[in-house]
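I've put the structures underneath this note.
Below are two complexes that have chain A in common, paired first with chain B and then with chain C.
Let's look at the complex of A and B:
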């Protein structure tokens, strides 16, 4: 058996596997996007789905909202993660306990956590509304998920709550990998806490920050269950991101062809975003000396 | 002027006492080496001087000023770490400039100081590189550069050469000694390597189990080790310690019978010992020669060219000898060794030395 044939044999299972779970569904989605497929069958209609999509002003709103949702949520997760990791990394008594206490949002099933948040946000029996009223800060009950703006930011808060623990733990792991000598050397030279954080911690964990930002961005972009459980994309589309819109069209309305066109747009947008990001990551790694 | 005085320093981690009542007076411009086996507390002592660790009790004075409660930067010290502690994301220039940036000096001043340090350390053409692109010796120099620019009163070195290979270590030893000469600063240097200690130090502090065993010049430690520990630690190969019995005392010294039966009279002060006492006689490998006297069985023979080192036993006790390179001896045979009793050391049961009365005069 030739060496190259043997090599192909070794990677064949992986190729078959990827073919089934990635390549074939992707090709099939692209094909569907050029049809008017629904429960009644499908006809080839060329670019009609895309033409309709790009001529609909509401679609641009959704794209814009999706990116806004993504950037806002990711930035909050990164900032909270950095703060949390720094606190957990500090030499305080009982830090092992705190490290465990960070975990629940990540560990408990998302659906259960989000339903908890839905209760908090509820205008009739929600904790937030109740506390605000009892403190006299608001006159009437506040149903946070009922108005467009508050529903959007409430969804962001919940998404940040779910996403922060993982970011925190990754940052913590990266911080613990920074040599103690670097801090001591800086301390001997007179660098204060903030100076050390800015000029040692941040640059040292920069590759991890950038990687986490990319992963978190993709997950947030495609975050489905949090929004769906909270608001199903409402009120009046205020929390409808691309993924929610795609689901509504393809699954709820069973217009598979139109849904597939949206899915293809998501893939292209994320691919462009990721390419740009990997380029950026490469630069960061060069600059900050990651291997 | 930069003297360093340590007064009754102790340090405990929980119940473990790491340093016990350390008292040292280090003179201005002195190069002092803290040496001892791992775990003896030498690095902890250095970190206490640096302010990275707080002493459990005791005081530290730099130039007569009590700095025990001051943060490192106010003590006027600079420290070079064993790991070099260079910032991997910064260039050599920025690494050296780091302490100056902390002080928010003007760019022109920073440039002038960094350039000068780079010049002294031959790093001028490396300033734009990252630490990852440098060799071990160059990284070491960058770490030293970072300590120089602050113009400290006292330099602290924590095993700075232990990550280098043997050849480079030799070169850097010479460079550091030259640097000490040109900077005219007080330097404290921690190492577990007695060769580094002997070659570089003006004075050596030998630490063992958190205590100062002896503080003196290299030749003092070599010729007048205060304890068995110092005797065994200083000198290469290590001193042989032969269990012996005192036969008698007299004006010419102590007459002892070494295990194996060889009897000799060693010129040492005999106060406090009497016939029948158990002592140990210390014999340096380089002080013996072939002849009638002690019967030593050679197990391993190392011919280094100029000298032949033999590892063997004298009546069951390990015995090492350094003999001429061409000595007609073979592994496995038993040879006779003799020595001038004036070169021998005697340690009492507590490990304390009996002072030699006819030791050679110390060279400066």
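Let's look at the complex of A and C:
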């Protein structure tokens, strides 16, 4: 048997899986986006779904909100991850235990953690409202998921919470991989901690930072459970991202054609973003000397 | 060593920082536990208090009555994640070997296409996926939650395992070939035993992925209660008018406990393995 035939045989099962579950549905989504498919049947209607979508000012709000949601959440995750990893990297007694305590959000079903947050945000009995009242910071109960702005930022906080442990542990591992000689040389030269962090730690772990940023960005863009369980996209659309909007149109209202057009837009936006980012990643890797 | 020494003030600062960071990470768990200890009527009517005298573990007994299928949900979650992990590994191992060791046309293009799958989630492809599941007659079965899960975890699995396999020295395989062993025999008897640590790490990461995301496919492709995984099963109760919150929280905490304990006990090995990709560069 030739080497290439053997290679392709080994890959075949993976291709079959991806073909059935990803590639074929993707082709179908594109086809459906040109139809008015619903439970009743489907007719070819050309670009009508897209025309309707792009003439709807609300849709631009949703696109803008999705990118804002993604950027804000990813930046916060990276910042939290850097802070957390630096703290856990400090040589203090108890660090082994602290590292274990970061893990729980990572190893439970996301939906379960979100149910906990939903309670925290509750205005009647939630801890956040209760503590704010006890401290006298607010007069009345604050129902964080009930007003537009607070609901959006509450969802961001929950998304950051879901992503923080993984980012933290990856950064921590990268920090531990940085050669001690670099730090020692800098230390001998009298460089302080902050200087060593900025000039050694950050550049050394930069490849990990940028790859975690891309992964987090894709996950956050596609994140469904968090918003769906907290607010189902409300109040009055304040937390409706592209994914939520697509789910509502396609599954809740069963307007398959219109939903498919939204799904195609998501795929195109993510593809453009990823290509852009990979180009950037390449530059970063060159600059910092990683392969 | 001297460089690592902190002044007392710095030490206090670090501990305060760690405390705040861990408080954020563990806050929902702390709150879920607090809620699970309080009687329902007190929970809803009384003003917020940190501590109260009526704490009890009653909800941990009552929940089995309120959520009769709770035990089933917990097992379903573990079963689905395990099945996804096994199927994913069966598909990933040969493919990863192929990418690590063999040379064939369109190698990097096809690997790139696999990785591009990471850009999609089930949510984008739900409509046709629903039809595929219906056509295959898989709706309302475990398969409806297992098969899509496998597909979306394959690309990362291939990527991770490939980098492990690349680190195994080639000489052993070459020796096997010289002795006349077939490719398949070499893969099974030489490469796989050497790759066991890597296999464990990749399987763990697949399991975490499969366990964390048991919601969308479950609420969309399955309406059979006995088959629901924990998150979807509990979510149904939260939709009711009178939610017995204390019991829901008790159920949620109890439900995640087995897997969480498993990971916390093994964390030393897992974190090192899972994040190995981060250090490699």
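One rule holds for everything that comes next: the second predicted complex is superposed on the first by the 275 of 291 C-alpha atoms of A that agree within 3 Å, B and C clash if a C-alpha of one lies under 4 Å from a C-alpha of the other, contacts with A are read in each partner's own complex, and residues count from 1 in each chain.
The rule is simple: a contact is a pair of C-beta atoms (placed from the backbone, for glycine too) under 8 Å apart; a residue touches a chain by one contact, two chains touch by 3 or more.
Computed from a predicted model, the values in this text were never measured in an experiment.
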Side-by-side fit of chain B and chain C on chain A, or clash: fit
Partner chain(s) touched by A:184 [first = chain B, second = chain C, both, neither]: both
Touching partner for A:56 - first (chain B), second (chain C), both, neither: neither
Touched partner set for A:195, first chain B, second chain C, both or neither: first
Which partner, chain B or chain C, touches more chain A residues: C
Least C-alpha distance (whole Å) that remains between chain C and chain B when both complexes are overlaid: 5
On chain A, the residue positions that both chain B and chain C contact, one per complex: 184, 187
Partner chain A, residues of chain C touching it in the complex: 3-4, 6, 11, 14-15, 17-18, 21-22, 24-29, 31-32, 34-35, 43-44, 47-49, 77, 90-92, 94-95, 97-99, 102-105, 107, 110, 114, 116-121, 123-129, 131-132, 147-148, 150-152, 154-155, 158, 183, 208, 211-216, 220, 229-232, 234-235, 238, 245, 248-249, 252, 255-256, 259-260, 263-264, 267, 271-272, 274-276, 278-279, 281
Touch list for chain B against partner chain A, complex: 50-52, 71-73, 77-79, 81-83, 85, 87-90, 98-99, 101-103, 130, 132, 146, 150
Residue numbers on chain A that touch chain C, as the complex places them: 1, 3-4, 6-11, 13-14, 17-18, 20-22, 24-26, 28-29, 32, 80, 83-84, 87-88, 90-92, 98-113, 115-120, 124-127, 129-131, 133-134, 161, 164-165, 169-174, 176-177, 183-184, 187, 207-208, 215, 218, 222, 224-225, 229, 243, 246-247, 250-251, 256, 259-260, 263, 266-267, 270-271, 274, 290-291
Chain A residues within the chain B interface of the complex: 179, 181-182, 184-191, 195, 199-200, 203-204, 206, 287-289
